[in-house]
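There are structures below to look over.
In the two complexes that follow, chain A is the common piece, with chain B as its partner first and chain C second.
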Partner chain A sequence: MLDTRYRVEIPGGINLEAQVVGPIPRSLAFAIDLAIRGIIVFVLSIAAIPFGAFGLGGGFFLIFLFAIEWLYPVLFEVFWRGQTPGKKALGISVINDDLTPVTLGTSLVRNLLRSIDFLPLFYLAGLVTMLCNRRFQRLGDLAAGTLVISVRESSRPASQKDIVPLAPSTALLRAEQTSIIDFLQRSSQLSEPRQKELASLLEGVTHEKNENGVEKLHRMGAWFLGVR
Partner chain B sequence: MNLDKLQVNAIIRSGWQSVDLGFLMARAWFRPLYLAGLLAMLPLALVLWLIFWQSPFWALAITWWLKPFWERMPLFIASRKLFGEEASPWSSIRSFPLKDILPWLLWRRFSMQRAFDNPVTVLEELKGEQRRQRLRVLHGKYSDVALGNQFICFCFELLACFGIALILDFFTPESFDLKLYDVYGDLSLLGAWVFSLSGLLAMTLTMPFHSMAGFALYLNRRIELEAWDIEISFRNLANRKRIGESRPAGLLASMVLASLIALAIPGGAEAAIDHDRESASKLIEEVLQGEDFGQQRTVRKWRFKDWSEEVDEESFPEWMIEFFEWWEENVDWSTDFSGAAGLLKIVLVILALVLVIYLLRRYRGPLSSLGRGARRETAPEVLFGLDVTPQSLPADVPAQVMQLWAAGSYREALSLLYRASLSRLIEKYELAFRASHTEAECAALVRAQGVDSLSEYFWQLTLVWRRLAYGHQVPDSEIVQDLCQGWTSEFTDEPQ
Partner chain C sequence: MKQHAFEAQNQPVWELIEAALEKPSQEDNSKLLAEHYLLLCQHLAIAKERLYDATLVERLNNLVLALYRELYRYRSETRLNFYAFFKRDFPLAIYRHRYFIALALLVFVLPGLIVGSWTYFDDEAIYTIHGPAEVRGMERMYDPEARKLGREREADTDIFMFGFYIKNNISVAFRCFAGGILVGIGTLLVLFFNGLFIGSVAGHLTRLDYVDTFYPFVVGHGSFELTAIVFSGAAGLRLGYAIINPGPFSRLDSLRLSGRDAVPMLYGIFLMLVIAAFLEAFWSSSTTLGNEIKYAVGALLWALVLLYSFSGRRYESR
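For the complex of A and B:
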């Protein structure tokens, strides 16, 4: 089954999951970072003029240029939870492939290898390698053992207070409980007939039909959400 | 539409995540998707390149303009593959989806969300007002993502086009001129052919990814609006309940059934209980011999020799004196370090030196410990809540132990004996106990010392102590007496 999910089992049998991020969001994040770097370089080049374009000012400018080119992503990734400003804007972040935070070492490796991913022009090699493995790792990522994953947004709609909760009559698995909660919380997006259709699937559980079935599922959903 | 056969995991994703899923789909079904687009395109492309053989960019431009039509082929294939149906590249060409093609090739050619909107025309076959309404519902918050998809995929296409041509250039030997450009620096006819063909290749290569990204976005919207994930989950739940009900009703019946099964397969039912200690431990041994446990690895690495640590810190080392002498002779301060650049040079040299010193200091610990195996740590003062400092022990341990034992305070007696042993082990054998070690781990450390009588004795003591401490099983007096005698012979016979 196709999925962008990436799973790591840690000792103790616990599965950690993350969603890997593909070339399109990553390219956009890169474009944003490129723009930011461009602005910084532009400002610095103006600021360096008074100190002599071919003397001290020029020298310092070249050093800053070097630092920004090579250290900008590393510093942001290491000290800002794996996110450069561009990645932050796209809601993605860099992480080691065992889902621990990136360290200086891994971040340095993946960013130094940018120069290889850049070949033959503008990260074509990086793009091709990303498409060659299902975790979308470019060469730098493969060498450093890092991944780009999407940062989970924690936005759950508020729980439904005006519904009288109802304890389910049979035991339900966790995934089933979640889907009943989803059914309640997404009911505003679903059409009436579709809701009835979905509720009719669970006649064996609710023992109700049509609107009553929908209502009963909503009440069970409220119960699973913790309304009492 | 049979959701049971859905080939992608139906969960609600963000817009970007669904675009990523689209790339995965394109990866997984790349061959049929690619071939479907290419086969549809090829006859026309051949004709066009033959007609415009002197200006092949026209052929490329026309083929490129017809892209909305070519893109329908991979989409058709993917819509079948999505539900696990087999679909050959030919089937899409046979279906020849021409629906509503004119608007797509004229004004909608400029649409920036083509890949996202395409399924509504090709798969839902909606037109006019119906299509507009449907798109209004679908677009929602995903317009930006569809736009981003279109834009970035266009960039990828350009990138691939020039990249392919450039790679060709990279791998041509210097001595061999491909003559892509004529003497005026303009593209030659061969150059035009090379660039137009690499453009065609780039177009076909990116097409599956672009259209699958749009398709996945469309799919995500359908999953969201029609709650496919909830339907799948509800169906599974209903199936589970139905299977549960079809079994013999009631707990009793199932218990009877279970016991019947148990009788029918004696080995299976008894396997769980029919092991005495002997055979069980033998079985455990066997399991532990298996490949999953106890792997052995030979690790080879460089380590430092155990140099003597007495370095006279007061005098300068020889190399430093030599270095400064060399410096005096060869470096001219007035020319090498004048002006701001010179100052900067000095600052950089100092910074580099500081960095080297910092790194040496930072990694001195791990480097120097390489030679000596485990680092000698400060011995713990408390192990499992027992004070193991030598000061806390009485002068004559065995006598004190027997006295306590006779008085009936068994726990105190054995704990004294045990912690006295630990204390002596730390003192005499310099065992690197850590506060986090358990009793058994301590015993293993003792065994690693290689003194048989000692490890045997300590293991006995550990067993007795553990039984008393945690199991509240008081040992016989003889055992304690033996242990006390053992203690005397193990720990006190040699003078310290």
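For the complex of A and C:
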């Protein structure tokens, strides 16, 4: 089954969930970082020339080149909440597989192994590995024990204050009640015809169809939520 | 309790936590976050147990996740203890990698010795490994007849060579380690070919009798550089071995554990290669220093590195 949820029991005594992120957003984040790195290298290479291409300027340029090649992702991930600028733009973040933040050690291992994930070209090894496990981990993630998760804010449902609650005429199981609440909360994400279609399936409960069915379900949802 | 009442009751606390998470490093905020962690976990547990709707559960889950990450955030001042690293962690990591170090040493040195003796006895042999231009370049670098040695440069170009050694040597070591994940094959290739190259050059230059320029040059920084390359090979081989023979663990768990074991090795290798690059750029390249001094200091550095490398055993718990 395709399920991007990743569950860990934390010391707080609960199962914490996170959404792991697949190859597409991660590639985009990498592309952004690559562009940033390219610009930095370009600027540095020009800035180094007045100080001697084979002297002081060249020496420092090579040291920076080394740092940008190997340490750029490590420093950002460790000191900027698991995010390089590219990852921040995409709303994704690197995290240890126990959902604690990445440390210097785990970040170093995952980023050094990038050189192998890149093989034979364009991250093919990394991509194949990612698609072969449930958590979208590339080789570096597997060796370091890290994941890339989504940290994007979820949208809040609209307020139900203006809905007049309505008690259902039949007794419903708790799971059925939850489905009706979910229908209410997610209505803003569904198209109107789809809402009507779904509401019409529950004619046996609402004794209504189409718009009236949708409205009645919303009112029942508000009742189950406890709106007074 | 209905969900709506539950939300209305706890909304102020959640908003307080959300606000504190905006600026978590502030004294008051970090205190508030720590104090509310268990309460928030409890709220999430209640929301799940009472089958409150998915959006509320998701909101609380994300809030706990953000708070949890904040509580366990990396704090450099508590995690990095340089003294303990030099005294105990690195030597212990070396000790624990000892069999892999032995294997890496073999793969690195043996082809070098064989090819080195070949290039020493056969004038043409060097051209099977290096191109003519490369060979000429290397010969020029260590030619005792030349007024200036190839590596002897103006003061500011020493810094260029320092950058050059940092970029090249540390990249080689990192790739050597990373290659281990291909069940060790990548690491073996890097070790083998580096041994081959170094050995062939040493043999050829000895044949040309450039002994008094080549060996004093390499003896000093070689102590740190060659040892660090062997260490990076050992860390890579450990990674590969973890996949081949996972013992009581699953292959994935075994790989992850070996990755964690490699961390102190990686820190150490990095530092050793920075020292090596510094020595190579500023010490080895000097012509004003006599060869006796270079050999003496080289011997001292080798003794230091070896003594240090063998000092980890006593920290192993038994």
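Criterion: the second predicted complex is superposed on the first by the 158 of 228 C-alpha atoms of A that agree within 3 Å, B and C clash if a C-alpha of one lies under 4 Å from a C-alpha of the other, contacts with A are read in each partner's own complex, and residues count from 1 in each chain.
Keep this in mind: a residue touches a chain if its C-beta (ideal position, glycine included) is under 8 Å from a C-beta of that chain, and two chains touch if they have at least 3 such contacts.
Quick caveat, the model's predicted, so the values are computed rather than measured.
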Touched partner set for A:Leu90, first chain B, second chain C, both or neither
first
After lining up the shared chain so the two structures overlap, which partner does A:Asp182 touch, if you call chain B first and chain C second: first, second, both or neither?
both
For A:Leu202, using the defined touch cut-off, is the partner it touches chain B, chain C, both, or neither? Pick first, second, both or neither.
first
Have a look at where A:Leu56 lands relative to chain B and chain C in the superposition and call it first, second, both or neither.
both
Partner contacting more residues of chain A (chain B vs chain C):
C
Please work out whether A:Leu28 is in contact with chain B alone, chain C alone, both, or neither, and reply first, second, both or neither.
first
With the two structures laid over each other on chain A, which partner does A:Leu124 touch: chain B (first), chain C (second), both, or neither?
first
Of the two partner chains, chain B (first) and chain C (second), which one does A:Gly38 touch, if any: first, second, both, or neither?
neither
Let me check the overlay on chain A: which residues of chain A are in contact with chain B and also with chain C?
55-56, 59, 153, 175, 178, 182, 186
Touching residues (chain side chain A, partner chain B) in the complex:
1-5, 19-25, 27-28, 55-56, 59, 90-92, 120-124, 127, 131, 134, 136, 150, 153, 170, 172-173, 175-176, 178-179, 182-183, 186, 189-190, 194, 198, 201-205
So in the complex, the part of chain C that touches chain A is made up of which residues?
1-6, 37-38, 40-41, 44-45, 48, 51-55, 58-59, 61-62, 64-66, 68-69, 72-74, 76, 79-80, 154, 156-157, 159-164, 166-167, 170-171, 174-175, 177-179, 181-182, 186, 239, 252, 255-256, 258-260, 262-263, 266
Would you mind writing out the residues of chain B in touch with chain A in their complex?
7-9, 11, 13-14, 16-17, 19-21, 23-25, 27-28, 148-149, 152-153, 155-156, 159-160, 162-163, 166-167, 170, 209, 213, 224-227, 229-231, 233-238, 240-242, 245, 340-341, 344
Contact residues on chain A for chain C in the complex?
10, 12-14, 16-18, 52, 54-56, 58-63, 65-66, 69-70, 78-79, 81-82, 95, 97, 99-106, 108-109, 112-116, 139, 142-145, 151, 153-154, 156-157, 160, 174-175, 177-178, 181-182, 185-186, 224-228
